[in-house]
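Here the structure comes first, spelled out in structure tokens, and everything after it is commentary.
Each chain carries a letter (A, B, C, D, E and F) given by its place in the written order, and its residues are counted from 1.
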């Protein structure tokens, strides 16, 4: 429907999502996005949110781009409630940037609007640019965010924080504490916890985790998780560091001092829903059918010394709701 | 299943909706509704609500009737919270009228109950009238409302109120501010706003709008929207006054004094959901395939004088959630 | 997938429900349940809850067992808010018992994990027992409850309590007062209400009621409802005591003194949703196609004396929301 | 200020409480109350609520009256949320009765209005009756309630319900579960709990309890608590049945069958605040300075048999918030 | 403490309110306010809010100024929830203006800070200007608002809106619907309601009303309420238009067409608390001891025709809470 | 009233606080506390909470003890909602320890109970030990907590966390986010933030801060703040590190690597209320009248380079509520 130019930019054509909001995470190549509120330029390491109902067109100044897009319905992204973190920390409101107002009042014959509605695409033709909005009120607008402005928190004496401590944006459900979609990042940061297994722990999650990597390596996968790749760990499927990472951690022992994780930017889309995987992905030649092998060879390091039940652990007793 | 008499009334037969509530908006012909709580007589200009689980039968004293019916599931209609309107305004609780208690204790061989359950119809036979309820407590009951008792509010100096200012009843969702179904009317009223474009403005809506007309004309459509007709503007589809209304407004200019809109009663069912249109409607000979032409010929009256971005409009800046 | 031994216990095999929680109501035969938190032994008259994501295996020390299982998604069971009942009554937190911690660190070749995920079953093989959890924090754990510890409340002068007064556990929805699933019991108790029709009253319910009987008889069905049986009364379908129970109650009159219902344990799964009945049940040879006959012969005992509408009953008047 | 007639009725004079609402509990003598909404006649065994701002006058057809009055500020009385009691029980909305509209349009020279405002009394004179209100909307109105229509609930197998189970009306604070004032009654009812100490238990309360007796005797005080009397047990002061009641209960043993408490009507004002006692009460000749003696001679019946700590009772363990 | 210059500006001195927020309503003379966030210039017809903890100094470019100040503790002013008014109306967020950042880095010997804390004034000396803040984040800042940007709503067919429809800002309490302080204005607007008594109605209020007049006349007081004056109507004290206004309204009759109220700006501070009046005000020579005379001579225009109680008005019936 | 033994323990005497809860922070000397639920032994570095209404007696095995006590009314301490910290971090429920059940059934002539009620002390005599409670249900109990089990979080890349990140327990008000009393600690931890001023920043607080020191030094006061001391910074009074700490930080520069703060335990009681200081404290010889001198000599290190207002900082613009 859209005529694409050589570099795959959108030409004489705009898109509009009537169903929900797009969260865009570019991994290679910049995006120049024209919206009814003005222009946003985002590079890998930045993200953009294009809310439901805005018309926009994307130009690719660097040629073909690649990245990740999440779509949410019936809600919008918001900053997480910071709880005891208080007034400052994680993503700050002031670092979310909206476009400078811009419009064009121009004749554009055969201009095409593609509207996504009810999961289908519809087109309409008009004779003028849709970017002719000359005034706008309120804070419902497209915006971008530079992930390097994120201020990470974590444990600073012992133990291991939940990934939720790195939440950038959350699309909530009606149930407190249950997210339709959390956007979480794993940025450069200091590790200082003492007597602690520092890599992401082995766990099952009541949410589904879709991970991607924007640049660098990922601390829990020594091999085989490359920028532009993605993994999906469904609800209640156990997972954790690969064997190589695990054994290296064990070998290092508990006495590791401060360590700075640098040159990495991984992220997670975490949802209370079970994502349906489309045939295009399931049939992709790039699917890693040997992924499970990253855990082959995991050995138990458990010893029975001192393994009696401690007071306060689960025993016959009272269950409070 | 029901044997209908010549005038299409329900005879020896009652209906029951086990799935949800009916909101009935007659447009021509009165309805005499017998319910387990008593009898309701409604005429065009009045509405009735028949809640989930009540058995009722409808007689048509004027012969065939015509109108609109909305059904809501999992919630009930309630008055909107009035906010700063305070204690009085819009629809008043005292104008919602329930039936006077009435019952019959009579033998009715082959009486048929039709129950709508899970979207399907089931029938059962019994030998007595279902309208044999001799006592009832509480305020879960059928009721009717006369739309002329609605007390409309609007702007009284400048600018243009949202249609929500005319909400009669709302069926809420769990999300504050998001309605499963708002029932909104456009009744006779004074227009006094100065320096303002008075007709309904051009907009896209995150809700879907189903409009109908009970009598008179509709202020935003000079032609082609007749009593008994209906229009549907889906989520994020732009719409507004037709070309004729728009040009007449422009011609009139900004200096219009007080004007009384009389002899009209339009309404809207507005929902956060996307309505699915049934084949009966899509294939109807009455469908207006030229509806879009009401906007053909719309001209831009925008001039570039003074069109710089004003302080306070959208610019690079902070986005609060 | 699981190899079952002669008595149908699970052997070298564990199950995990990634979709939701199981509420298990055994009716005959004990269950010895091994979980990652330890072992639970339940007998008929007790219930067990196995939350989403826990691996468990079931042994049947008495041979084949029989009972009822409910599954809830997206929420967990909790105690009902007691309202004016205050600090004590119905099910007490202290009577919900979690397992004593137990683990095995053993080699188990070809051990099979069956995971229910998205309504389908998946299997995985491993070489060790899954019951190797040596520490656990928090109160997310399997638990059991002995229904004889339930402290029932009811009317103690006149009138008839709602069944909700016997709620043991509730799985809430986001809407206050609307349960995804209420687990309600009808235990032994005193009936003392004066001038009152004491059996469960005739009614239609906006929820769907699935009833079962653990032992003894059920007060509202003189015949034909046996331990291990079940009935389903869908949303808005009228139901109540059978003819025999009704006539016996009428014959007894209003002057019945205190009466102790003993030796009975019926229960109800009550849901705001409409349960879909699987073909296995619809085609069962055990389905009771004559169930409706339990109400054949019901006679009206209504007399018109004094049957005028009382002040305060429904009349033309105000409807408050 | 008001001229009282021989029987102490208010003559040519009306009262208005600008500070809060009055809850009136007459104990002897009827009250004929004229309000701006009409007339209410209440007798002992009924209560009346006169909300903030209504003008009223009281006539005493039986001569001097006696009773109890509570005043609440900043909130109003409401029915308690019934919790699992469901739709029916305790006080029913339909039994709260408002006056039939009545007005007089008459010349009344030197009519006096006494207004309580900020804890002080102010007077104004006017020449007409204040009961000249010819129309009124809404449900903010004086009302009365007959305490015999209260439908009591309690335990019907074992154990002992909290007094809150007998709440008629509650004036809430902003904190859920904490009442500014609960109005609780102890009406005739059946006691059937088995193996249970049936009188009100010994306890300390985080609320303050003011008790009164309308007629009959009170089950926990064998002597010395007469109709028209009152007791006050402040926050955290231990109290319970008197020695005589206690020893009689012990003598009776655990095997008591159903017992009907009749001919009694006690009540309680229970508040989260500490009531300040006015000098008039502290210096009254009717104060019972020997009240504490009702507990003299209480003996311990505790035996050490089986008194080891049970699993599940308090031990070193986890405290959930 | 502060040295005032001839025109009473604050010189080498700043004030800080540690207790709460100031809402300033100038009535004559402009205020140039320097704050730690920058400078605000306000004129009569504008308001300013100086939140708790900000240091500020005020200059008076026009010489002595006069106006009204309200102080709120423990909460802040916010926009009212608009309810059915929807997205636009009353005061718009975009019209609240914060200062452009400004600072001075200067030596100021003997500079005095006056801090209001716990209702008392404390002073401290320092050697530098307090207006040395070079960066600030967040939206906790002083702001001003031009009252002519307020978009008034009201009834546009019949009946009379509550004053709350003109709420500019509200300082809420913890109780929904109950304001610590509402700031309400009565701006120029069209009156169009038919068959309606248009002036503010006679009423008693559960809140206390402090009114002031910024310029022009006030529609309900034909005489004696001048710009710069104030009236206080305490909780439950009846009040309404003066006799002259009332008689003029009656004379005009029900058939008045559209009428534009122009050249007026009255306002109200409305609080759920009872304001304590300071001796300075009670002993002022400017107190109007004859205020009550504005209502002398009010006559009843009530006729008994048709004055029977209508169905639906208050009668014996059900009281819902 | 209590007879104290040589080491000041309570002998034949128990205390009960009917008004509120005590939070006890010992600084020197252990406390052996006997309660109705059993015995708690706490040492400096641990805290105890004794809730409203429990009787307790304190023995001092080490002789005189010293420490801090806070009392809260109308609410109880709870764990803070962790927000994005998720499931683990700060104080864990499992580390709050309640006593093992213990009772004595003994004759104790002239035993004295001292009850604090309404801010006054009352005494009563009895002949038996009050620690005769043989059973107890629920989780309303005294408890203790070892502050070394606290798992601190903080920034791990740049910037500076709010003190609220170290909240151990909070006593909430009805207003979300506003604490009656927060108990906050400053425990040993790693500092790793880059390009950041690491000591507690200079600020004014809308809460009042009472600080104490249990052992070691406090990072923001190089001199003069000793274990057992206390400081109070009232609402909106500016404060921060002393001059010596500030200059040392500036001298160290921005390039400081990871640094472990060890051997320190400071804490804060932070309240939304203004504490009233009793004469005993104001007239103490230990009051530090030169405290303000710790800030004498603070110099400005601000340079004007680059100090223009940045886009996104406060300017004329929109204020969102």
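We adopt the following convention: contacts are C-beta pairs under 8 Å (C-beta built on N, C-alpha and C of every residue); 3 or more make two chains touch, one makes a residue touch a chain.
What you are looking at is a predicted structure, and each value in this text was computed from that prediction instead of being measured.
Q: Nearest 5 degrees is plenty: how much rotation brings the CA atoms of chain D onto those of chain E?
A: 120
Q: Sort the other chains by how far their Cα centres are from that of chain A and give me the top one.
A: With centres defined by C-alpha atoms, farthest from chain A sits D.
Q: Taking each chain's centre as the mean position of its Cα atoms, how many Å separate chain B from chain C?
A: 41
Q: With chain centres taken as the means of their Cα atoms, state the distance from chain C to chain F in Å.
A: The mean C-alpha positions of chain C and chain F differ by 47 Å.
Q: Distance from the CA centroid of chain A to that of chain D, rounded to the nearest Å?
A: 59
Q: What are the residues of chain F that contact at least two other chains?
A: 87-88, 93-94, 97, 137, 139, 174, 312, 315-318, 320, in rising order.
Q: Give every residue of chain F touching chain A within the complex, in rising order.
A: Where chain F meets chain A, its residues are 80-90, 94, 97, 139, 151-167, 187-192, 257-258, 312, 320.
Q: Over in the complex, which chain E residues touch chain A? Could you list them?
A: It is residues 87, 92-94, 137-138 of chain E that touch chain A.
Q: Can you check the complex and tell me which residues of chain A touch chain C?
A: By the definition above, chain A touches chain C via 174-175, 204, 206, 234-237, 272, 274, 300, 302, 304, 307, 309-310, 313-321.
Q: Would you pull the chain C residues touching chain A in the complex into a rising list?
A: Touching chain A: residues 16, 18-19, 37-38, 52-53, 74, 78-79, 93-94, 96-101, 105, 115, 117-118, 128, 134-137, 139, 141, 143, 174 of chain C.
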